[in-house]
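Chain lettering (A, B and C) follows the sequence in which the chains are written, and residue indices restart at 1 in each chain.
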Amino acid sequence: MMRRDRKAQGLVPVPEWVGDAWTIAAPLGLLYLVTAVASGVSSSARVDLGYMLVNLVIVVGLSIFVSNSGVLSFGHLAFVAIGAWTMSLLTIPVNMKDSIMPELLPVLRDASLPPLVAVLVAAVVGGVVALLAGAALMRLHGLEAGIATFALLMLVVQVLTYSTALGPRSGQSMVGIPQSLDLQSMLVIALLMVVVAWFYSRSRSARLLRASRDDITAAPASGIHVTKHRIIAFAISGAVAAVGGALWAQTNRVVQASQFNLDFTFTTIAMLVIGGMFSLWGAVVGVIVVSVLNHVLGLLESGLQLGGVIVSLPSGSRLIIVGLVLIVVLILRPGGLTGGREARWPLRPKLALGLSRNS
Amino acid sequence: MTSFLQALIDATSAGAVYALAALGIGLVFGVLRLANFAYGEIITASAYTLIIVWPINPVLAVLGAAVVGVAVALLMNYAVFSWLRSQSAATLLIASFGLSILLQRIYEGIFGANVLSASVASGLSTSVNLGGVRLNLLSVVTIVLAAVLLVGVQLFLTRTSIGLQVQAASADFRIARLLGVRSGLVIAVTFAISGFIAAAVAFVLTVQSGTVGPSFGVQPTLFGLIGAVIGGLRNLRGAVVGGFVVGVALSLLTSWLPPEINPFRTAFVYLLVIAVLVLRPNGLFSAGAGKVRT
Amino acid sequence: MPEYPTMPESPENAATSSARPEPILDVQNLTVAYGGVTAVAGVTFHVGPGELVGIIGPNGAGKSSTLLALAGAVRGKADRLTFEGTSLLGRKPEQIARSGFALVPEGHHIFGALSVSDNLRLGEVARHGKGRGKEGLAATREWVLELFPILREFLGRPAGLLSGGQQQQLAIARALLSEPRLLVLDEPSLGLSPTAIDTVFEAIAAVQRAGTAVLLVEQRAQQTVAAAARTHVLGEGRITMTLGPADATDAELLAKAYLGS
């Protein structure tokens, strides 16, 4: 495909490594650029930027599983919740924990770690839970997989809501999370997660998994142990999502189980789908596009002075518009804005890369 | 013994509500491969109609709720899903998820984030004494209503030409069209019936709670959808039984779990759902080697 | 120039019997492509009123794609693709089915969970809006059940319990209940026992005798060539040869036609 294209156009081929490197350079560069620009715009932009980086990590985590396996997960917020929980329990001061979570397990009460180590622990906890859950769920596909992952989220949320051994009483939130990661370190972590996703997508395991993506029934016959590779993808993806959760706890600084709800699930899935479910580039583009849209709509909701007139949208229009954008994208461009492809080297003719969706 | 009977009737009634929701969802899934997450927002639209119109005129409220349910369902079909007909089931599900969130915010914009209240059919909230057993009248009415609708849908599917066409389209849409089955008509009829059933669900739930908020329909849809999936969405009867089982399980767990772990009843239901999906991936009631369609 | 059988009992044929009648199905330069792969590469043929026309060819020659394009189930391109003078291009499968064009797809695809009689009722869906009314329908039902007596015995049974041969009969019967002017069959003999094949071919002959045009796609070359006014041999998406009934006895020619030499 790639070779034929070049020949047909009679152009000197770009060395393959340039195209390859571009698939990681483009998302990293774009992310860095957007962060650099946004942090200079306004203080409200810096706040939204923090959430954008959080969402980026979550959606990249989600995409590690979805884009490589082709299976939809509605339950990744379970790992985000676990990551947020781990971060909170490990960084809230002990006296604070005593007052808001009097029935906390002693081991959790006494645990206290520096923030970066806590993020790492969150990744491990999220990854282990995802590994165990994946071992049970990964034989499912299609709608059943979607419902099962969603049930997993609900299960985790219910347990975190009502278990006083693991957190506050139902309806109460965890507060007192010290703010210890600035935008710079969040950006570094986000870039790192993109790199993790990129390296994973180039692994043998991910390649085998993608080979099964388009035809679920064909792959087992050709000798690929889909389930095993899906579990691997699910575990890595859960770990990255948990890192997102840890950053979310850091950014939001008030954590409650009910926050991991359908609206949040929707936001992350919308970002992934709008950008393009089947590539890392799609995840990054989707998060940035929706976050910028969200920021602008947020400004409009609070009333924006535009050349003498105040433009304002009713509150709540954000999700309406993001929902509309999602539906319109699904109708007009079901592959998402990126068409499900990885970033392509712009200076030369199209490079079809190994990561792009087979078609 | 009497409390056991009461609990049983209440559980049956809870099961009946989710069975209806699963029926509404399963019908549409049959022809379109759409697991309509936004089904809840049809229920919510009918519920708003009931709560707002009931104090003015109960008859008008019931009729209005039915009309609104059918209209919203048809609107969803024509405005969104008819554009996505050739897409995968996953795409349709994501679109319906987006539509659900969007409509919830629209309801919030129109009616406010707080719940509206009115006592709808308060006469049904009383208990009747039947041979020493105190029965919640609403539970009985719910069971009867669900039974009537289930039989009605069954008769429609088997006795009418268009119902037969719905069955044919559910079994194999491509072949049905080659026989002259009009795809647009069959899908619209299915949406309309599912909207009518949503109105019935809204009626029962508004009598029960007397309030409606923007996310009123989410819970019954979630459990209806989950029930339909564990029962086997590819088989309407399985879907309905699945919805029923989820409702009964929720209700019985509520009455019987010891108080210290009672808050975890929903968690138990989700654990049960995961267990069923893992053990019977094609649904509890699939006939083993059922045709897998994705 | 092939000869068309004249059919004085049918008024529309009587009017045109002196001249060459308009073909009921006219296909000129039909192409079908899936993605980048061409399945049918410019096929031209026609079916006259009441005629039986055959298409034979090996697997993958484009036979099914041709039929699916005619029925509107897959998109095709053509210089001309008309049924009774009306273009079929861009029309929905259900519209085409309702215009008197009945396709029995390969593998028959009956509705296994529904009863035999419900399957037959579904055949009547495309008949909707025809002029002949209730008595006409009763007569058609009677005729179809006489053609396939076995179905009458099993009317109340789930169709999935029928044997392969019986299911094929049901599929043809279902198509006939739409009272088509053109019956299109895609490999009706596939997977059937020799007796069942004979039953199916006899039924096809009876349908044609009753005045319905038939387009028969088959792998059974000899039987098809013998029955059809013309048989087109399809290979790699093109018509490579056209045979007449006389060629049915020429085993060498048939083998050559089939192997595509």
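In this section, a contact is a pair of C-beta atoms (placed from the backbone, for glycine too) under 8 Å apart; a residue touches a chain by one contact, two chains touch by 3 or more.
Source: prediction; values computed, not measured.
Asks: Taking each chain's centre as the average of its Cα atoms, which is closest to the average over all protein Cα atoms shown?
Replies: Taking the mean of all protein C-alpha atoms as reference, the closest chain is B.
Asks: Quick check for the class: compute each chain's Cα centroid; which one is farthest from the centroid of chain B?
Replies: Centroid comparison gives C as the farthest chain from chain B.
Asks: Rounded to the nearest whole Å, what is the centre-to-centre distance of chain A and chain C, using the mean of the C-alpha atoms as each centre?
Replies: 54
Asks: Taking each chain's centre as the mean of its CA atoms, how far is chain A from chain B in angstrom?
Replies: For chain A versus chain B, the centre distance works out to 31 Å.
Asks: Which whole number of Å gives the spacing of the CA centres of chain B and chain C?
Replies: The answer is 43 Å.
Asks: Find every residue in chain A that makes contact with two or more other chains and list them.
Replies: In chain A, no residue touches two or more other chains.
Asks: Could you please specify the touching residues of chain B with respect to chain C in the complex?
Replies: 158, 161, 164-165, 167-168, 171-172, 174-183
Asks: For chain A, which residues count as touching chain B in their complex?
Replies: 72, 74, 136-137, 139-144, 146-148, 151-152, 154-155, 158-159, 161-162, 170, 216-217, 262-263, 266, 269-270, 273, 314, 316-317, 319-320, 323-324, 326-327, 330-331, 334
Asks: Would you mind writing out the residues of chain C in touch with chain B in their complex?
Replies: Result: residues 71, 73, 92-94, 97-98, 103, 105, 109, 111-114, 118, 121-128, 174-175, 178 of chain C touch chain B.
Asks: Would you pull the chain B residues touching chain A in the complex into a rising list?
Replies: Per the stated touch rule, the residues are 35, 80, 83-84, 87, 89-91, 93-95, 97-102, 104-106, 108-109, 218, 225-226, 229-230, 233, 263-264, 266-267, 270-271, 273-274, 277-278, 281-282, 292, 294.
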